[in-house]
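For reference, the structure is listed below as structure tokens.
Lettered A, B, C and D in written order, each chain numbered from 1.
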Amino acid sequence: MIGFEPWLVPLAPLAAALLLGLVSDAALGAWIAIAATGAGFAASLLLPSTMGAGTYILVDALSAHVAMLTAFVGFTTALYSRRYIARAIASGALDAGRAREYHVLFMTFLGFMLLALLSNNLGVTWVALEAATISAVLVVGLPRTANAIEASWKYFLLCGVGIGLALFGTVVLYLAALPALGPGYDAMSWTALAHAAPQCRGTLLNLAFVFLLLGYGTKAGLAPLHGWMPDAHAEGPTPVSAVLSGSVLNVALVVILRVRGIMDSNADALAPGPPIMAMGLLSVLLAAFSLWGRRDAKRFFAFSSIEQSGVAAFAFGLGGAAVFAGLLHMTVHTLAKSAVFQCIGLAAQRRGSQLFAHLGGLLVSDRALALTLAAGILAIAGLPPFGLFASEMLIMGETIRRIPLLAAALGLGLVVGGWALAARLITLCLGAPPATPPIGQPTIWVSLAPAWIHLALIVMLGLAMPQAVQAWLATAAQASQ
Amino acid sequence: MTDLVLPWLGLVMLGLCGTAAMAAVSGDRAAGLGSLVACGAGALAALLHLLAGAPEARLAVPLGLAGRSGLLAIDGVSSLFLLLVMTIGVAASAASLDRHGPPSATAPAFPVFLAGMALTLLAGDGVTLVLGFEAMSLASFILVATDHREETVRKAALLYLGIAGLGAVCLVAALGLMGETGVGFDAIRAHPPRGVRAVAVLVLVLIGAGSKAGLAPLHVWLPPAHAAAPGHVSALMSGAMTKVALYVIVRVLFDLAGAGQPGWFGVPLIAMGLAGAVIGALRANMETDIKAVLACSTVENVGLIAIGLGLAFAARAADLPSLAGLALGAALLHAMGHGVFKGMLFLGAGSILHGAGSRLMERLGGLIRPMPYTACAMLLGAACLAGLPPSAGFAGEWLLFQSVLSGIRLGGLGVQIAICVLAGGMALATALAASAAVRLVGVALLGRPRTPRAAAATESGPPLRWAVILLGLLSLGMGLVPSLVLGLAEPALQHLSQGGMAQRAGLLTLSPHLDGPGYLPLGVALLLGFGVAVIAAVLRARAVAGHRTGPAWDCGFGAPPPWLPNGDPATQYAGGSFAQPLRRALGVALLDADETVVMPPPDDVAPARFAEHSVDPADRLLFAPAGRLRAVISGLADRMTFLTVRQSLAVLFAALVLFLVVVAVLEQA
Amino acid sequence: MERMAIGTLSYDAAHLLGALVLALSFGLLSQRRLGPVINAYAMQAIVLAAAAAWQAHVQHAPELYLTAAVALGAKGVAMPLALHAIVRRLRIGKSVETALGIFPTMALGVALVALAVLVVLPTTTQSQTLARDDLSLALSVVLLGLLMMISRRTAITQVIGFLSLENGLILAAVSVNGMPLVVELSVAVLVLVGFVVFGVFFFRIRAEFDSLETDHLDRIGSGHR
Amino acid sequence: MTALAGLISLCLHAVLMVASAPLLVGLIRRLKARLAGRAGPPVAQPWRDLKRLLRKQPVVADTASWLFRAAPAAAAAAIGTAALLVPSFAFGMATASVSDLLVIVGLLALGRCVLALAAMDTGTAFGGLGASREMMFAVFAEPVLMLVALTLSLLAGTTNLDTIASVLGSGALGLRVSLALALGALMAVAIVECGRIPADNPATHLELTMVHEAMVLEYSGRHLALIELSAAMKLLLWFTLIATLFAPLGIASPGLAPLAWALGIAIWVAKMGLLAVALAVFEMTRAKLRVFRVPEFLGVAVLLALLAAVLLLVSQGFA
């Protein structure tokens, strides 16, 4: 029932990484990356038709959905990277060697992320995420500036500890499943665990949950474990920020969601919802208030990612119908945030700085870029016709029906965060541009096309989601429970 | 035919969206023309629907959240408001054809704005309503930001968007409280919220829609945003959008929340309305930007309408259907009237901005000569603003006062005394509005031009003139025969309050009670006309004809120097000086106003300086403290985020220990 | 595979080795000089290797011998040498700067062990006591490692705290009955750990994180955040 | 029949109002002069002034627009219309069904606003000064009127003046404290509205004391005649209003009754005379207030009116 396709999804980028290690020509390297991610994405499109679970590979609606999303963002980011890296080389920000390093690390990162998603084994998931983390750390440190290196070190140490905790949680989870499943691979497989959850040992599940939540929560950027995120996003190469915001968070959230499902089915275990909701809500509030003081655009949007990740986590913690909304939120946020980061990257290249003070007045200087960016920011702020409006409305509605007081806190976070986004939208896009002339050629449509594709998808998801997509997402939400 | 209304209106909205797409390609003119046609079609449909007795209809559309289809629905209430929106839409679109200067990049947002309003009014379920409402917010934000190179415009746009976000979250929450997301209005009506939940709905709707309507204390965005937007846009925002927000309040509180809610739900509406009426009217006397003056007066009028709505709600709960019908009829009549005349005033203000190059009173003056059409429109509008008979403004306010006076039956002594205060407050607000209207017209249009630019002002082109004439005629008609409007509103009144105005409004008269005496606007107009005719006849017969012109006497003020052939225009009263008596009498108490006069010593030739300053109490008491609180929390949040590695690890460690302790405690228990 | 019960040699030995690992964690916490800290870590790794080997023996799981070898070779020998080299090469001060003081740290450590026992205690109702007891030991080691990371200012001691934390993870992994992929996981952990040590070279972190981080905040903080 | 009677009484009323308004002003002037120990002009002097003004060609400031020239007629028409709505000697005039108190307030506001605009139109400092002060006075006067209207409508169940006066005149209600308070409040408003001492001085052109006179400073000829006439009519209107509301004695019932009308007119003239004496005495004993004290003066009136309404509510117990 499981064909070769699921393997192909992570293997395509990983193989490309090996190949890219041998290719020194930057342009060719970029095309190889595009081809590999394209192949991976194409293979991921076949996932829905090969649903099933093997020893190592699990293709259910949830993993297939997030894998398609990740592969897609990887593909568009590779498309975007081609010109971005070429311009970076042209402007002297990167040399050819580092460009090669970048492609290799990016492909490794992407491949392991996809592997982590599609694996049916907690151990494999963990190893893949660890490998992805290491490659992400290296790629964040790639610009070799002092700030970048320090950011990557911080990222590494915090996520290293987080990942350590996650491993401990994995061991305890295995221990909890032993009486139900006996020793062997089964006790580490998501599918078996989901089936045997009622027979697992509740107290151990609790312990495992604490470690898994904190471990993967660190990767998901949930407060108060989010310390690494702003720096890593701000200092790394922009295409990576796009993927970091988009997919690392998702993979971690998916793991948390699956663990939640296991906890839910066990009568002895404590309710997993409240701690997830608490961390989600704390992230929303903390990030919303932190947005106000930011002067660096990428750091700003990193905080916005923390906020949105918090919203999704909150929805997952809430459970029930909110899981669907959370998944939708995650999906749409991934698309929107990577579009925004792509635009910010282009703007930063044009102005030679990523500080808001130097980025103002884009509408006058680069109109298409500014409009795309504005649409992206409005999407993140949760305005229609973009999809985050739909997901936030569903989450808000579900919350206020079930726990009205929390809805007040969530609403506060959304308002404060939305206001900050509005303020920065106005700084970035409106007004007169700074007097210094922009660097290089104006942005052309090829650079913006990936963002446009993302935005078009978001509009589709927000305004008139096809029945099939809705059913698909509902299945994915069901798969986690 | 009634089956066709919704598809027809759906087509209108589609057409508006198509217009937006066309405008994105080919510029403003397409936006204006397309919107004009679509709005005309929409207004026609709404009118026919109302004339046919407003039968209810529903239509599912493939538009909505997460695979669900949205629902369009129409009844008397939506149809009435739709008629207003589309009518102002016609005028505003026509006016937009008269744009001066370079084409604006934001033109495509204009039809979207209209479509968003229409969608809000036609929504048959919560999601569609919010979708329309947000489309309206977003499009109007874009339109407000049209002249984004100006700092003040950007500030206004930010304030607007921020408060719109607050409103959106509250509105979503309110609709969420009333039923499963995306469920149709019928299902909500079947199970209206009760108890605390209903109170929460009330609060959330008042914030959510009230902020858009400009109910105090969430009105602070109106003056800057209306001032920043182009004229035809502010006409729509003030004339139509605030009414759409009021429609949402009416829809949720009167219709969806059911008739079983307690009467005190009307109290916050009344209190916010009164506060807005007084503060808005007073601020209208202080602002120096003519569009800000008009926006403040919108705050005042929305406040008056809200008072009517609150009274109607209380009366309905107290089982006084005739009073409920009276108050609601008054509110609706005033809403319609205000929509039309405020639209006209804003179009006039836009025309002044283009013709005379400024919105600031201190830079205008004497425009009645170069801009006769605009001046006539502003005069007519100002009469409505001031609530002078027989204008449309007076009809609405008269009926509102009548409902307040009848409201004495609502409760015991406490309520009655409150009603007395309310009546006094409303009278204060209307008198303040009259003062503001005189100030606006007197300073901006009359007297001598204060700048060379104002002296060289030119009248707007024919499209704007026709738009203004259309609204002017409508406003005249509504003033003289207000029963026509009430007739159109009758289905809405029946739907919302079980007691209509049909018995009480004859073809020509309005009366608060069944077969009691009332107000006959046409009679008053005839008497006035008769009086003027008699005077003219007598003067013709008995007085010397013609007149001579000469320099103004001005108590023998010195002759003007040769380079100022019209005298020194700076000696005229301007906005600030006209406001001085009120600033001293009321502004100090309510707006924290202060004046600074710097007078040089006797030998010094330096000019004397005068500065005045006032703050909206909502700013002072609500927004400024909230902003400071936000800054403090932001600082704390930053300190929680920008930690050293060791501190971050310590936080992680603390979280881990905390969770373990919680688990241990829970497991022991 | 036979069940292990209290009182048997296999249990006693496993328990003893686990307890030794925990004791060495306290040893790490108590040291004031850098050299002995590194040595204590080496000792812990060696005891861990012994524990893994013993588990390989009693569980009849030959792959665990590999884990033991890895632990012994990499963590017991190579890593300490590398750390000593770093200390020499980067001229790092020999004393351990504590943020909390030795005694409070130790007291906190005891409290953490108590917490770990308390959390794991409710699972005693059923069999597999070995795993349960070792689990509380491993949890204690993890918590103590984390405690060391936050209670020491010097970068190198923080790294050692991290390494000791990983020892706790491996201890947990090897003592669980028949856990698959233990070798793979331990290798992956080793990569992570190796990367940390490499990172110290790579990032040339000479002094303490705190001073460095303060610089970082100053530099990035002014005008950039 | 009733309709015809209403029409006839309305015509009589109209003539009466127009004809006697200048006489009332003349009477007050004469009374004040007498009280001051002067002989004073004849009572009919204002009429002669009006006639003389009509013969003079007006001089219009070259900065003024058409509004300036149209304003006097508009203001006079507004005040005249208001005057037609106030019953003086007979109930049931043709305008009875529309003689709404709020409409009268609105018409007076119309006249005021038109004149204020005209004052601004010449672009002089004095015009603006008068206009802004006049509008401020109105701001404080309107709440008083509204509260008085509220009190009266509580008693009569309507704001229709004809009905209120009939109800009050039927004697069913007796004498009431709240009515006395309302009367006081209304008189204060009347004084301010008509520009009498202590709010304004109709007899001076001293810059700092004038409000109404500052507004009409630029007018001359037939325009000024209209303005003077309408000012006089306003005074008469207020007197009539007060008399009709608070002393509705001797007012003829609806229907064709020439005798009762004659009696009513006689009683009305007597009432006007009494009020004129009262005003003259009041003005002689008061000094003009500073302009910023006028809001305080009106503030007292607001409190009186509020007290009137509250007392009525307490005693009546409406629910």
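Following the convention adopted for this analysis, a residue touches a chain if its C-beta (ideal position, glycine included) is under 8 Å from a C-beta of that chain, and two chains touch if they have at least 3 such contacts.
Since the structure is predicted, the reported quantities are computational estimates derived from the model, not experimental observations.
Enquirer: Applying the document's contact definition, name the chain pair with more C-beta pairs in contact, A-C or A-B.
Expert: A-B
Enquirer: How far is the middle of chain C from the middle of chain D, if each middle is the mean of its Cα atoms, in Å?
Expert: Centre separation, chain C to chain D: 97 Å.
Enquirer: Could you tell me the distance, in whole angstrom, between the mean C-alpha positions of chain A and chain C?
Expert: The computed centroid separation for chain A versus chain C comes out at 31 Å.
Enquirer: So how far apart, in whole Å, are chain A and chain B when each is placed at the average of its C-alpha atoms?
Expert: About 43 Å separates the centre of chain A from that of chain B.
Enquirer: Measuring from the mean C-alpha position of chain B to the mean C-alpha position of chain C, what distance in angstrom results?
Expert: Centres of chain B and chain C (C-alpha means) sit 68 Å apart.
Enquirer: Enumerate the residues of chain C that touch no fewer than two other chains.
Expert: Within chain C, the residues that touch at least two other chains are 119, 122, 146, 149, 158, 213, 216, 225.
Enquirer: Quick check: what residues of chain B touch more than one other chain, meaning two or more?
Expert: Only 638, 642, 645, 649, 652, 656, 660, 663, 667 qualify.
Enquirer: In chain D, what residues contact two or more other chains?
Expert: Residue numbers touching two or more other chains: none in chain D.
Enquirer: Please list, in label order, each pair of chains that touches.
Expert: A-B, A-C, B-C, B-D
Enquirer: Flag every residue of chain C that touches chain A in the complex, lowest number first.
Expert: Listed in rising order, the residues of chain C that touch chain A are 119-120, 122-123, 126, 128, 131, 135, 138-139, 142, 146, 149, 158, 162, 165-166, 168-169, 172-173, 176-181, 184-185, 188-189, 191-192, 195-196, 199, 203, 205, 212-213, 216, 219-220, 223-225.
Enquirer: Residue numbers of chain B touching chain A in their complex, please.
Expert: 62-68, 105, 127, 130-131, 134-135, 137-138, 145, 148-149, 151, 154, 157-158, 161-162, 165-166, 168-170, 172-173, 175-177, 180-181, 197, 200, 630-631, 633-638, 640-643, 645, 647-649, 651-652, 655-656, 659-660, 663, 666-667
Enquirer: Any idea which chain B residues touch chain D in the complex?
Expert: Per the stated touch rule, the residues are 365-366, 368-369, 379, 383, 386-389, 394, 398, 401-402, 405, 408-409, 411-413, 416-417, 419-421, 423-428, 430-432, 434-435, 437-439, 441-443, 446-448, 509, 512-513, 516-520, 523-524, 527-532, 535-536, 539, 542-544, 546-555, 557, 566-567, 569, 571-574, 577-582, 584-586.
Enquirer: What residues on chain C touch chain B, complex-wise?
Expert: So the residues of chain C in touch with chain B come to 99, 112, 115-116, 118-119, 122, 143, 146-147, 149-150, 153, 158, 209-210, 213-214, 216-217, 221, 225.
Enquirer: Any idea which chain A residues touch chain C in the complex?
Expert: Touching chain C from chain A are residues 121, 123-124, 126-127, 130-131, 134, 146-147, 149-150, 153, 156-157, 160-161, 163-165, 167-168, 171-172, 174-175, 178-179, 183-185, 187-188, 201, 203-204, 207, 230-231, 234, 293-296, 299, 355.
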